[in-house]
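Structures follow.
Shared between the two complexes below is chain A, which has chain B as its partner in the first and chain C in the second.
Now for the complex of A and B:
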C-alpha cells in the first residue's frame, strides 16, 4: 500500500502530461492572415475567404472544438501576408501567387496546400484627360502599382506583350488605396487595379487595358498556405480547414451562385456592374477550381523562373516540395468531390 | 587699424577655441569605449540568431547581411542607390540650409523680424516632419521636387535655429568693440557677427546635413525607383529582409562618416580662422 502511495506523484505526473498532450492536439486559436485594404473587409481579390468568413464556415467547423478563428487583415496585401508568417503571427494565409512565391523564395517555412481563385484580371486605368488610351501611351508616364504583389509580374507581362519594358515607364510603388488617391491628385497618370475601379465608375478615370482574354493560368491566381509547423503539429485541423475551403470553392464554382457571389464582391467595395462585367465569359468552375493540379504547379514553376529572370527574386526553391496535396486529397475524398473539378 | 580688427576677431575666435578644446577633445580611449556597445550588440544579435530566440528570417544573421552588402556592391546596385540618395540629400540640404541660414541671420540681426517670424516658425516646428508628407505629395506630386522639399524641411530647422542662436548671441563686449571701431552693416557682419556665430552655424550645418540624410530615407519611401530608402522599402515588399538590414547598416555608416567629416571640417575652419586672423597669440 505504501508503495502505491509512493507512486502517486508519478501517476499524477503521467496523468498531467497526458492532459497536456491532449491539449496540444488542437490549437486554441487559428490565425488566418488575408489582404484587406477596405476597412474591416478582405480585399475584393480574396473572394473565397470572404465567402468562408461571411457564411461563418470556419467558425462552425471549429466551434465544437472550442477553437477560435482570428482574422488578420493586412493593408500591405501579399507582402503583409509574408511578414505575418515571418513574425510567427499567422498559421494560415491567402494571397496572390507572386507574393507567395516571393515569401517562399525568402525562406518562409510554409506549405502551399490549396489553390483559390484562378485568372484574376488586371486592369490598367488612367486619369481622365491624360490622353492615355493604349498601352503604348503609357510610355514615359507615371504608372502606380504595388511591388511584391501580383501587379508586379502583371505589368511586366503586359508591357512585354506590347513591346515595352519597365524602363519605358516611370514606376511608382503604391498600394491600391494610396494609388487611387494618387491618381485623383495627379501624382500618377495610370494605375494597375483589380476589377473594382470606383474612379472609372465616377468618371474620374478611364479603362485603358485588361488582360481578361488571357488564359486563366497566365493571369494572377491566389493560393492558400499554412506554416510548416502548424501543418506538422495539427494535420487533422489543417485538413478540416482545407475541407472548409473546398466547400467554399464548390459553392463558388456553381453557375447558380454567380449573382450571389457578385453581390458579395460588390459588398467588398466594388461596383456591382463592374463585378458582373469582370466575370463575363468566365467559367466559374475553372475560375474556382482550387486543386493543386499539374498545370497549377507548373504555373508556379513558370512564375518562379519569370521572377528569377527579371531579378524579382534572388534565389529559387523547389516548388514540388513546397506544394503539399495531402490535405487537399484527403478532404476531397471526405467530401466525395474527387471528380468534380478538372485535374 | 587692421591689426585692431585682427585683435577683435582673434579674441572672439580664441574664446571659441578654448571652449572647443575642452569639449571636442577625442581621445583613442574614448573611441574604444564607444565601440563597446556596437560590438556587444553585434554579439547579442548573432547570439539571438544562434539560440533561435528570434526568427532568422526577420533578424537576419550579421554574416548574411555582410554577404548581401558584398553582393549588392558587386552588382553596382548599392553604389547607384547611395549616389542617388546623396544627390537628393545635397539638393534638399542646399535648399533647406541656405534658406534656414538666411532666415536665422535676419531673425538674429533684427528683433522686429524675429518677433514677427519667430513664433510662426516655432509653431511650424511643432508639426512632425513626416506629417508634411501627405501635403507635399498633394502639392508637389511624387517627383524629385517633392523629395527635395521634404529633405529641405528637415535641413531647414536646425539651420534657422542655430544661426539665430549664434547671431543673436554675439557677446555684448564684441558689439561694444565693433561700435568703437565704427563697423557698419557688411563689415559688422563680416568681422563680428559671423565669426562669433560660426560655431553655432557650423553645428547647425552638421545637424542639418545629418537630418537631410535621415529624411532622404523617408523621401524615398514614395514614388521612386532608386535610392537607399527605396532599396530598403523594396526589400521589405520583396521579403528580402537582408536587404533592409543592409540598408540600415549603410545609412548608419554613411551618417556616421558624414558627421565625423563635418566635425573635422568644423574644427579645421575654426582653427583656420584663428590662424588667418592671427588670434592665437
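Now for the complex of A and C:
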C-alpha cells in the first residue's frame, strides 16, 4: 500500500477535529444551568427560575425567534454550575453568591447581570437523640454541609458568632440529598440545610439554629450570570432574558402573591408548612429585589474578602468590572420599573 | 335496570366532579405574559386567582378526615405493604454485606489484511465477529466506619476472555482498608490492599477497561510485552499527599500520589514458585492547580518494579532477575489531551542461566485525543432528570505504539499506528472504531518467520461495542 494512502486516516482524523464555527446573529439554543435535585425540578432555593420556567416565560419570549431553551439541572449545585461554565456548556446560570464568587475568582469568564433572591435562611438541624440543642453543642460533632455552596461561608460565620471555628467541629462534605440520608444513617450528627427540612417534619431531626433574623445582605443570596462570550455576541438576547427575570421578580416581590409562591415552593418538593414559616416576617419586596444595587455589590465584595481571609479562594478579582448592570438598566426602562425597587 | 341507573348516576357525578376539579386547578399563577410593563389589572386578576386557589387549598387541607376514610387509607397501606414485601422477597437478591455488581462485555467485528501469503498463517487474516472478553465485578464494604470513613472494602472480579481460552478466571480479589480517615477531602488518603490486584505501574496498565482509548492494549502493557496489566497476588500501600481542593467545583487533586507493593511475581491465579518477591512502586506528581486552570489533568509519573523469576531451560533450573522502569506524562483534559509512556526492561534469562545473559527491551506509546461532548462532566451527567437520558461524547484519537523485544538487535521492532474514534453514547457504553497499521520486524515472531520475506505488515479495521452495567 502506498504511503499516502496510509496517511488518509490521519488526515481524516485531523479534519474531524476541526470545529467549524458558524456565524449567526442569534443562537439556536440558550443553555441555562441551575441547581436541581428532584427530577425535572429546580432546587427550592432557585425560586425565580422556577417561576420563569413553570410559566414558560423563557420559551414564550424566544419562541418567535426559533430559539430553544435547554435547562441543565445539576445535582452538584453551585460547583456544578461553575463546571458547566468552565467547560463551555452553559450560557446562563444561577446559584448562590458564594459559588458564583469562587467561580469568578477561579477565572471563569462570566458577568453578573442580575440578582435573584436575597436573604436565604440557613438552618442547622441535628439528629434527634444526639443532645445537640445549641451551636456550642456542635463542638466535636460531625457536621454535614456541601463545600463550595453557600453553606460553607454560612457555617464559618455561624460558628464565629458563637466563638467557634471549623477546627472545633468535624466537617463532612455532603450534598443536601446525601446529607439527609447521612443524618438518618448516623454518618453526621448535624446538617446545614435550607428551609426544606423533611427530617424535622418527620421527627427524625430537630431544629438547632437559623439565621432568619439577620439582615438580608448578610445572609445568602442568589445571582444570575452569563458567559462573557454570549453577552458580547448576543447583547439583545441577554437583555431580553434579564427582562423576563425582572418580570418574575416583580411578580414575586408583591405581598399578594405570597401564597402562590409558597405553593410553587411546595411543588418543588418542599414542605409547605416549613416554606410558609420560613418567610414569616420577611419582606418580599426586599427579598425579591433582583437589582444589582450598591448594597448588593458591596455584599459580594465583603464575601470575596471573607473568602480570601478564610482561604476559600486563592486570589481576588474586581467585583466592579464583574458586575454588568447594562442589561438590567435597559430592561428596567423598557418595563417602566426604574423606581419600583430600592436602589 | 335499577343497578344500571344507579351506576349511570354515580358515574355522571364522578365525571362532573372531575370536571370541577380540573376547573379548580390553577392553570396560570398570574404571571404576565405580554411584553412590556405589568399592568395593575393583570396583577390584580392574578392575585385574585392565586388567593382563591390558596383559599380552596387551605379549606381542603383543614377538612377533617372521617373514620371511614382513615380506615380506607389504612387498608390500602396494609395492601401496599404486603405487595412491597412480597415483591422484595421474590425479586431482590440477598447478600450478607453491601454489594455492588458491575460488569463489562465486548462485542467486536474485525477485518484483517496482511502481506502474509503463506497458507498456515494466512488463516489468521480471517475476519468476523467475536466477544473478546466478558467480565463481572463485585464490590462493597465489609465494615462501614461512619465516624471516620475508615472502611473495610472488598473487590472480586471474574473474566472470561479469548486469550485465556474462555476459562473463567479470577481477576480482582482483594481487601482494602482505609488507614486514614476519608470523610474530609482536604486531608491525605492512605490505604492498604491485600490480595490479587494490579501492580502499581504506569498509566495504561492501571486503567480500567472503560477508560482505555484503544481496543488493543499498548504492546508493552500486554502479554506480548511486560504483562503489566495482568494482576498479581500481594500487598500494596497506596495514598496521596498535599491534596488541593477547589471548592468552587468540588475538585480535589493531590500533589503526590504513591503506591508501593510486594507481590509473588507469578501473575494472577498462580502460586509463588520461589521465596523471592517482586517489589513494585509508582509515584506521580499532579499539577496542583484549580479546576479552571489550563494545567488541570497534567500528571508526571515514574514506576519501577524488580524481582526474580524461576526459569527452566533444557532441564536446567535457576533464578533470573528482572527489572522494569517506566516514565509517563499525561494531560487528560477537555477538549484535547495526550498520554505518553516509556518503559524499559532487563531480563537476566539468557539461554544459559548461569551466565545470566541479559536481554534488554523497551517500549513506548503516544496517544493524542480530541473530544467533545458532556459525558465526563459531573454537572451535565448527574442531572435531575426523570428519563433514561445520557449525554454523549465523541473522541477521535491517534496512537503510536512501538515495542523493541531486544534492544541489542537492530531492526526487530514492532510498530503500530492506530487511528481511532470512540463514541460514548450511554452510561459505561462506547463504540470504538480502530484502524491499526502494524509493522512487525521481530524475527522471533512466528508470523514473521512464516511470512518469510521481511517485515510482516497488517491492516486491521475493528469495531467494538464495549458496554458495562
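In this text, the second predicted complex is superposed on the first by the 320 of 343 C-alpha atoms of A that agree within 3 Å, B and C clash if a C-alpha of one lies under 4 Å from a C-alpha of the other, contacts with A are read in each partner's own complex, and residues count from 1 in each chain.
The criterion applied here is as follows: contacts are C-beta pairs under 8 Å (C-beta built on N, C-alpha and C of every residue); 3 or more make two chains touch, one makes a residue touch a chain.
As the structure is a computational prediction, the values presented were derived from the model and not from experiment.
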Exercise for review: Going by the touch definition up top, name the partner, chain B or chain C, that contacts more of chain A.
Suggested key: C
Check your understanding: Is A:60 in contact with chain B, with chain C, with both, or with neither (first, second, both, neither)?
Key -> second
Check your understanding: Regarding the shared-chain residue A:263, is it in contact with chain B (first), chain C (second), both, or neither?
Key -> second
Review point. In the superposed arrangement, which partner chain does A:131 touch: chain B (first), chain C (second), both, or neither?
Key: neither
Exercise for review: Identify the partner contact of A:106: answer first if only chain B is touched, second if only chain C is, both if each is, neither if none is.
Suggested key: both
Check your understanding: With the two structures laid over each other on chain A, which partner does A:334 touch: chain B (first), chain C (second), both, or neither?
Key -> second
Review point. In the superposed arrangement, which partner chain does A:75 touch: chain B (first), chain C (second), both, or neither?
Key: second
Check your understanding: Taking the superposition as given, does A:142 touch the first partner, chain B, the second, chain C, both, or neither?
Key -> both
Check your understanding: Overlap of the chain B and chain C footprints on chain A, residue-wise?
Key -> 76, 79, 82-83, 86-87, 99, 102-103, 105-108, 142, 147-148, 170-173, 185-187, 312-314
Revision key, fill the gap. Within their complex, chain A touches chain C through residues 1, 6, 9-10, 12-13, 16-17, 19, 33, 36-41, 51, 54-55, 57, 60, 72-76, 78-84, 86-87, 89, 99, 102-103, 105-108, 142, 147-148, 152, 170-173, 185-187, 247-248, 250-251, 254, 256-257, 259-260, 263-264, 312-314, 334-337
Practice item. Over in the complex, which chain A residues touch chain B? Could you list them? Key: 76, 79, 82-83, 86-88, 99, 102-103, 105-108, 142, 146-148, 170-174, 182, 185-188, 312-314
Review point. Which residues of chain B touch chain A in their complex?
Key: 55, 57-58, 137-138, 141-142, 222-225, 230, 233-234, 236-241
Exercise for review: Report the residues of chain C in contact with chain A in the complex, numbered from low to high.
Suggested key: 26, 28-33, 36-38, 43, 46-47, 50-51, 53-54, 57, 146-147, 183-185, 245-251, 290-293, 334, 370, 372, 374, 377-380, 382-386, 396-398, 417, 419, 421, 435, 437, 459
